[in-house]
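Shared between the two complexes below is chain A, which pairs with chain B and chain C, respectively.
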Partner chain A sequence: MRPAADPDAIRTTTDPPPAGTAPGPAPRKRRGALRYFRRRLGFYLFTAWAAVSLNFVLPRFMPGNPADTLLRDLQDQTGQAPTPEQVHTAQTFFGDPTKDLLGQYLDYWKNLAHFDFGVSVTNYPTPVSQLVGQALPWTVLLVGTTTVLAWVLGTALGAYMGWKPGSRFDAIFAPTTTFLHAVPPFWLSLVALWGFSYKLGWFPVGGGYDPKVPFSLNNVWFVLSVLKYGALPACTLVFVGFNGWLFSMRNVMVTTVSEDYVLLARAKGLAAWRVLFKYAARNALLPNITGLAMAIGGILGGTLMTEMVFSYPGLGLLLMKATTGHDFPVMQAVFLMITLAVLVANLIADSVYVLLDPRTRDEG
Partner chain B sequence: MTDPALLQVDGLSVDYLTPQGSARACSDISFTLRRGEILGVAGESGSGKSTLITALTRLQRPPAVTSAGRIVYHPADGEPVDLVAQSERALRRRRWRQLAIVMQSAMDCLNPVMRLGAQFTDVLRTHDPSLDRAAAWQRAGELVRMVGIAPDRLPAYPHELSGGMRQRSLIALALACDPDLVVMDEPTTAVDVVMQRQILAQVLRLRERFGFAVVFVTHDLSLLLELADRIAIMYAGRIVEIGSSADLYHRPKHPYTKGLRDSFPPLHAPLRELSGIPGSPPDLRDPLPGCAFGPRCPRAHAACEQAVPPLRTVEAQDVACVLYDPQNPEATAHA
Partner chain C sequence: MLNGILRKWNVRIGLGIFALALLVAFLGPWVAQSLIGWSGHQVDYHAIGRPPGHGHLLGTNTAGNDVLAQTVLGARGSVFVGLVSAVLATVLAAAVGVPSGFVGGRYDRVMTAFTNVFLTLPSFALTLIVAGYVQGAPWLMIALIIAVFEWPGGARYLRSQTLSLRGRDFTVAMRMVGETRLRLVFFEVMPHLTGIISAMFLRAMVAGIFAEAGLAFLGIGSTDTISWGTMIADAHSQSAILNGQWWWFVPPGLCIAVLGMATALVNFGIDEITNPRLSAAGRRLVKKFHAARAAGRRAAGPAAAETAGRST
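For the complex of A and B:
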C-alpha cells in the first residue's frame, strides 16, 4: 500500500497516442546542413580573396622596389636583359610604379587565373608554374599517403588503447609513443638513411625514382622504382606521424569511455565492438578529424626536412632551394598554394564535421 | 505481497580500491525484491545508493569491485542465477531483456551523434536479430509514444529534445525489451517538479501494464513515499531500515529515518516542525567500530560505539539500531 499512490490521481495529459508513425529516419535536417555549408563556403571564399589580395599588396608596400630587384637578379643570373614579357609579369606580381593600382590588381588576377607566376630566377627561364607542377605530384604522393596512413594507424591504435586505459598494451605503448612523438622527423630520417641506405644498402640514397628507368607512368618498372625510392621516406614519416594521432585519440577516448552514454550502451547488452565503435570511438574521433583536415592542408608545404634529407623532388625541396636562391616568384607561388590548400582543407573539415556531429548543424 | 522473488541480494559488499586503502561503499546489503515490486532506496549523497545500482546491474568499473555477496536472479523460466558469478558474455544476453537501467543524467545518457530512433533500434535488433529495420523503427515509435513522445521525434538527435523528453525517452528505452527489472538512478533529479510528477505517474502506469519490478534510487524520501511499495534507507553504505512505505513514514524506527522524514514538509498532512540532521556523512575509508550514524544521532549512547548493529525485525520493518536490541538496557523498543 502506498500513500497517495493512486496512479489516476496524478495522470498526465501526455498519453493518447497521436496517429501515424514515421516509417523510417527522415532527412529532416538536410536543409539546415546545406545552409550551414553555404555560409561556411562564403566565409572561406572571402578569406581566400583576402589572402590572395594580401599577396598582391605586400610586395608593393615593401621598402625599395621588389620588381626592380627581381629583374636585376634575373639579369645577373642570365647575363642578358629581361624580355618585355618578363618585365611585365614581374611587375604584375611585385608592383609597377607606372601603372595604376586597380589595373595592376586586375592583371594580377588574370595571371593567377592562367597559373602564370612568371619565371624562376634560379632555374631561368623555366616558368614557375612548370616547376611547381613537377614538384606537386611527388609531395602529394609521399606526404599525402603517409599522412593518411599515419592517421588511420594512430587513430585505430589510440582508440584501442583508450578503450582499456591501464591495460598492459596501454602501459607499454603510451610512454613509448610519447617518446617517439618527441623525436624530430629529420633526425629519424638521417638515422634511417644512414642505417638502411648506407650501411645495409636496402634502399636508394635519395631521389624520387630510378633515373635509369624511362619516366613514364605506364611503365611498371618506373612505378616500382617510385615505390622503392619512396619506401624509406614514407616509413619514416608514418613512424613519426602516427604517434601524435595515437596520443590525442587515446586521451580523448579515455574520457569518452567514462561517459554515461557508453555505460548505457554497455547496459543495453550491445556487442562490444558496437559499443567501442558506434558509441565511444565515434564520439572520440571528432577532434582527430579536424586534426586530419589541418594536416592535409599542410601537405603542400611538404615536409621540408624529410624531403631535404632524402633529396625527394617535392615542394618542400623546391621551396628550400627557392629560399636559399632568393627565388621570389617560386616562393610566392608555393606560399599562395599552401594558403589555398589550408583553406580548402579547412572547408572540407568543417563540412565533414557537420556530417559527423549533428550538434554543429544548429541553425542560428 | 505473495509474488515470487525476482532478485535476492545477499550480503553484497562493494569496495573502492584507492591508493590510500579501500573504501567500502556498500556493506553487507541484503534484501529481496519481488516480481512487480517497487523498492525505493533513499539516502544522502555518498550513502552508496548509486554504487548499489551499478553493482546490481554489474556495470561497475574499476576501482569499484564487488568483494562479497550474491545477487540471485530468478528468471520467469529457468534456474536462479547468481549475477555476481556470471561472465560478461553471459550477462550481455541478460542485459536489457531482463535487466534494464535508467540513469541519472538524461543529458549525458544518449549518444549525441546518433538519432534517438537508432538508439532504440540497435538494442532492439541486438536482442531480437529477426527484427528487420522497419519493424524495429515501428517498435521504437510505439515505445516513445508510451511516454508521450510523438514517433516523428525519432529522427531527432538528443540535443534537439527537451530535458523532459530525453528523460522520458530513457524510460521508454529501458522498456524496449520488456525487462523483468528496471533499475532507476535518480531519474527525476534533472527535471522540474511538473515533469517529475508526469514521469512518476508514467512509471506507475507502465508498471501496472508490464509488471516489471523497479529499484528506484533517490535522495528524495518524499518522492519515494508516493511511488514505492517498500523503502530501504541507506546510511554510510548500509541499509539501516527497510519496510513498507506507510510503516516507514508513519512509524519510523531508526533515528536517521526519523531525521530524514522530519527534514521535509508533508504533502497531505498538517504542517509540523521541520528539523534537519546536523553533521555530515562519515568517511568511508575510515569506518567507525560502531554505528556509523552515532556521531550525528540524537539518541546515541555508549552501546552505539561497540559494534555495528545488525538488521533486526521490529514490528513490520527491519531496522539496524541498538535501541531495538532486547539485550540493551537503554532500549526503548517502542519509542
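For the complex of A and C:
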C-alpha cells in the first residue's frame, strides 16, 4: 500500500492543497513577488525615516531642555566648561536655539550618516558609536540564538500538542505554558539568577565572560567562558520565549489537523510523522512565521531587560546605565539600533514569507 | 455571543482575578493598615530584611517595610497605571480603527499606513525613550506614555472587523433606510465590537502593567508611588539576590504573572467561542459521540466496530 502512495505524496507535499493556487505563468509570478517585496521595502524605509525623525523631534518638544541638561552633566563629569565642539554635537542632537529647525534636521542627518551619535556623558569622552559597537555583538548573539531556539522548540512542541488536542501532554502543558507566558521575563530572570546562581551556584552571578581570561576570540578558554556565562540568560530567554510560539502553533494546528487534505494523507496510510510535519505542520507554520516578525520588537525588549538582570554586557546593560546616568546620546543611539534591528527583522521575515506562501506572489 | 463567553469557566476565573485585583487596588491602603497591621511605608526597626514569619507574613525588605503590605499597596500603583493606559489605548484604537474601516477610501489608506508605522516601531523602545526624557514623572504621565504606543495592534484589528461588519446585510439595510453615519457606527457596528473591545481592554491593561514594571525596573517609572515594578526594581538595585532575600521580589512578580494569566484565560474563552474547534468541551462531546457510536456498532458486530475505531 505504502509504495504506491509515495509518488503521490511527493507531489502533494511540494504543492500543499490550501497554499497551491492555480499556477499562473512563471514570469508573472516572479514579478508579483518582486512588487510585493518592493512595496514592503518602501514601507520599512518610510518607517525608518519616521523613527529617525521622531528621535529628532522628541528631545526638542520635551519639557525641560535635554541639550542644557546634557551640557550641564558633561560639565559635572569633566569638571570644566564644555568645548565648543561638544556644545555643537549636543545641540545637533538635542536642539540648537540659534538655528532653524530645518538646518538642525539636516545637520542631524549628516551626523547620523557618519555614525556620529555624539559622546557619552557617563563614559566621557568615549564616542557613543564605540559603546554601542561594543555592546551590539553580545545582544545580537543572545537574541539570535535564543529566538531561534525558542521558536524551533515552541513550534515543534506546539505542532505535537495540536496534533492530538486533549491528550495528556496537551492537558498538562497548556496551563503551564499559559502561566509561563504571562510571567515578566526580567522577573523570571531574577528568580533564575537567585535559584541557579546564588542558591545552587551552578552559573556565574553576572557578566558575559570570565574577566580573568584574556579577551580574544581566538582563545578557546574565552569562547568557553562566553558559553558558560551566557548559558543561564539564554536558557531563561528560551524558557520565556517558547511558550508563545507553542500556543499559536498549537491553536493553528488544531484547526489544520481536521482539514480534508490531512485526513486524506492519513487515509492513504502515510506514516504519522510524515502527515504531521509535511502536511499539517507545514501549513500551520505560516502564522508562526509572520508572528516572528511581529514579535521581534517585544523579544528584543525582553532580552534587554534580561541582560540588565544578568549584567550581560549587551545593549540592555548599556541602556540601563544610560538611563540611570541621564546619558541621552547613548539612549538615542540604542533606540535607533533597536528600531532598525526590528525593521530589518521584519523585512527578512517578509521575504521568507514570500518564499513560503505562493499566495503572496500571486496577488498584487 | 457575550453571554456564551461569560458562561465559560476560564473566562469567569480570569474576570474574577481581575475583579480581585481592582478591589485590592482601590482598597489597598485600608487593607494594608487594618488586615495586615502594617502600612507599606511603615518601618519595623526590629525586623530589617527578615524572612517570612514572625509577624511579617512575607518578611520585610532591607528598609524594614512589610513586603505583604507593600505588595498590597503596589497593586494600586500597577493596576491604576494599567487601567488608565488601557482606557486610553482602547479609546485611541477604536477612534483610529473603527472610522478607518467604516469610511474606507483615502482616509482609510492614510490611517492604515499611520497605524502600520506605529505597529512596526517597537513600542518598548518608544515608551522607553519618551519616559527617559521625562524621568521621575507622576504615574498618570507614565500611563499616558504607555497608552500612546500601545494602541496600533488593536486599531488594526478593529479596522478589519469593522470592514467586515460594514458589508453585512443589516448595516447595508440600515444605510438604505437613510440612517446617519454616526448612528450606523455607534448603534449598528459598535455593539458587535464590544466583545472584541473588552478583550482588547484586558490585554491592554496587562500590557500596561508589564510596561510599567519594565520602566520601573529601568528606574524611569514614577517615583511617587509604590508599584510591583518598583518593588522588583528596588529588590534588584539593593542586591536582594546576593542577600538571598527572595521574598522581596517573588510576590510582586507572581502578582503580575497571575494577572497575565487571567487575561490569557479570558482570551482562551473568547477563542473557543470564535473558533469552536479549539474548545475542549466541544472535543469532549465529539469523543463521547464517537464512543457511543462505537459502542453501538460493537453491539451490532465486531467487524463494524473495528472500522469505526480506525476512522476516529
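Keep this in mind: the second predicted complex is superposed on the first by the 309 of 364 C-alpha atoms of A that agree within 3 Å, B and C clash if a C-alpha of one lies under 4 Å from a C-alpha of the other, contacts with A are read in each partner's own complex, and residues count from 1 in each chain.
Definition applied: a contact is a pair of C-beta atoms (placed from the backbone, for glycine too) under 8 Å apart; a residue touches a chain by one contact, two chains touch by 3 or more.
Worth saying up front: this structure is predicted, and the values here are computed from it rather than measured.
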Discussion item. Per the contact definition in the header, classify A:G298: touching chain B only (first), chain C only (second), both, or neither.
Written reply: second
Discussion item. With both complexes overlaid on chain A, does A:F335 touch chain B (first), chain C (second), both or neither?
Written reply: second
Item to complete: Would you sort A:L153 into first (chain B), second (chain C), both or neither based on which partner it touches?
Response: neither
Discussion item. Taking the superposition on A as described, I'd like to know which of chain B and chain C A:L319 touches: first, second, both or neither.
Written reply: second
Item to complete: Of the two partners chain B and chain C, indicate the one touching more residues belonging to chain A.
Response: C
Discussion item. Quick check for you: in the superposed arrangement, does A:V87 touch first (chain B), second (chain C), both or neither?
Written reply: neither
Discussion item. In the overlaid three-chain picture, which partner chain does A:L356 touch, first (chain B) or second (chain C), both, or neither?
Written reply: first
Practice prompt. Would you check which partner chain A:L264 touches, where first means chain B only, second means chain C only, and both and neither mean what they say?
Written response: first
Discussion item. Looking at A:V140 after the superposition, I want to know if it touches chain B, chain C, both of them or none. Which is it: first, second, both, neither?
Written reply: neither
Practice prompt. Check chain A for residues that touch chain B in one structure and chain C in the other, and list them.
Written response: 166, 258
Worksheet item: Hey, which residues of chain C end up touching chain A in the complex?
Response: 113, 116-117, 119-126, 128-130, 132-135, 206, 210, 213-214, 217-220, 232, 235-236, 241-242, 244, 246, 249-250, 252-253, 256-261, 263-265, 268, 271, 275, 277-278, 280, 283-284, 287
Fill in: Residues on chain B engaged by chain A in the complex (per definition of touch)
57, 59, 61-62, 91-97, 100-101, 103-105, 108-115, 117-118, 122-123, 126-127, 133-134, 137-138, 141-142, 145-148, 150-152, 154-155, 157, 159-160, 197-198, 200-202, 204-205, 208, 225-229, 244-246, 249, 267-268
Practice prompt. Using the touch definition up top, name the residues of chain A that touch chain B in the complex.
Written response: 1-5, 7, 10-12, 14-15, 17-18, 20-26, 28-29, 166, 258-261, 263-271, 274, 278-279, 282-283, 356-359, 362
Worksheet item: Touching chain C in the complex: which residues of chain A?
Response: 43-44, 46-47, 50-51, 54-55, 58-59, 62-64, 66, 165-166, 178-179, 181-184, 186-188, 190-191, 193-194, 197-199, 205, 251, 254-255, 258, 294, 296-298, 300-301, 304-305, 308-309, 319-320, 323-324, 326, 328, 331-332, 334-335, 338-339, 342-343, 346
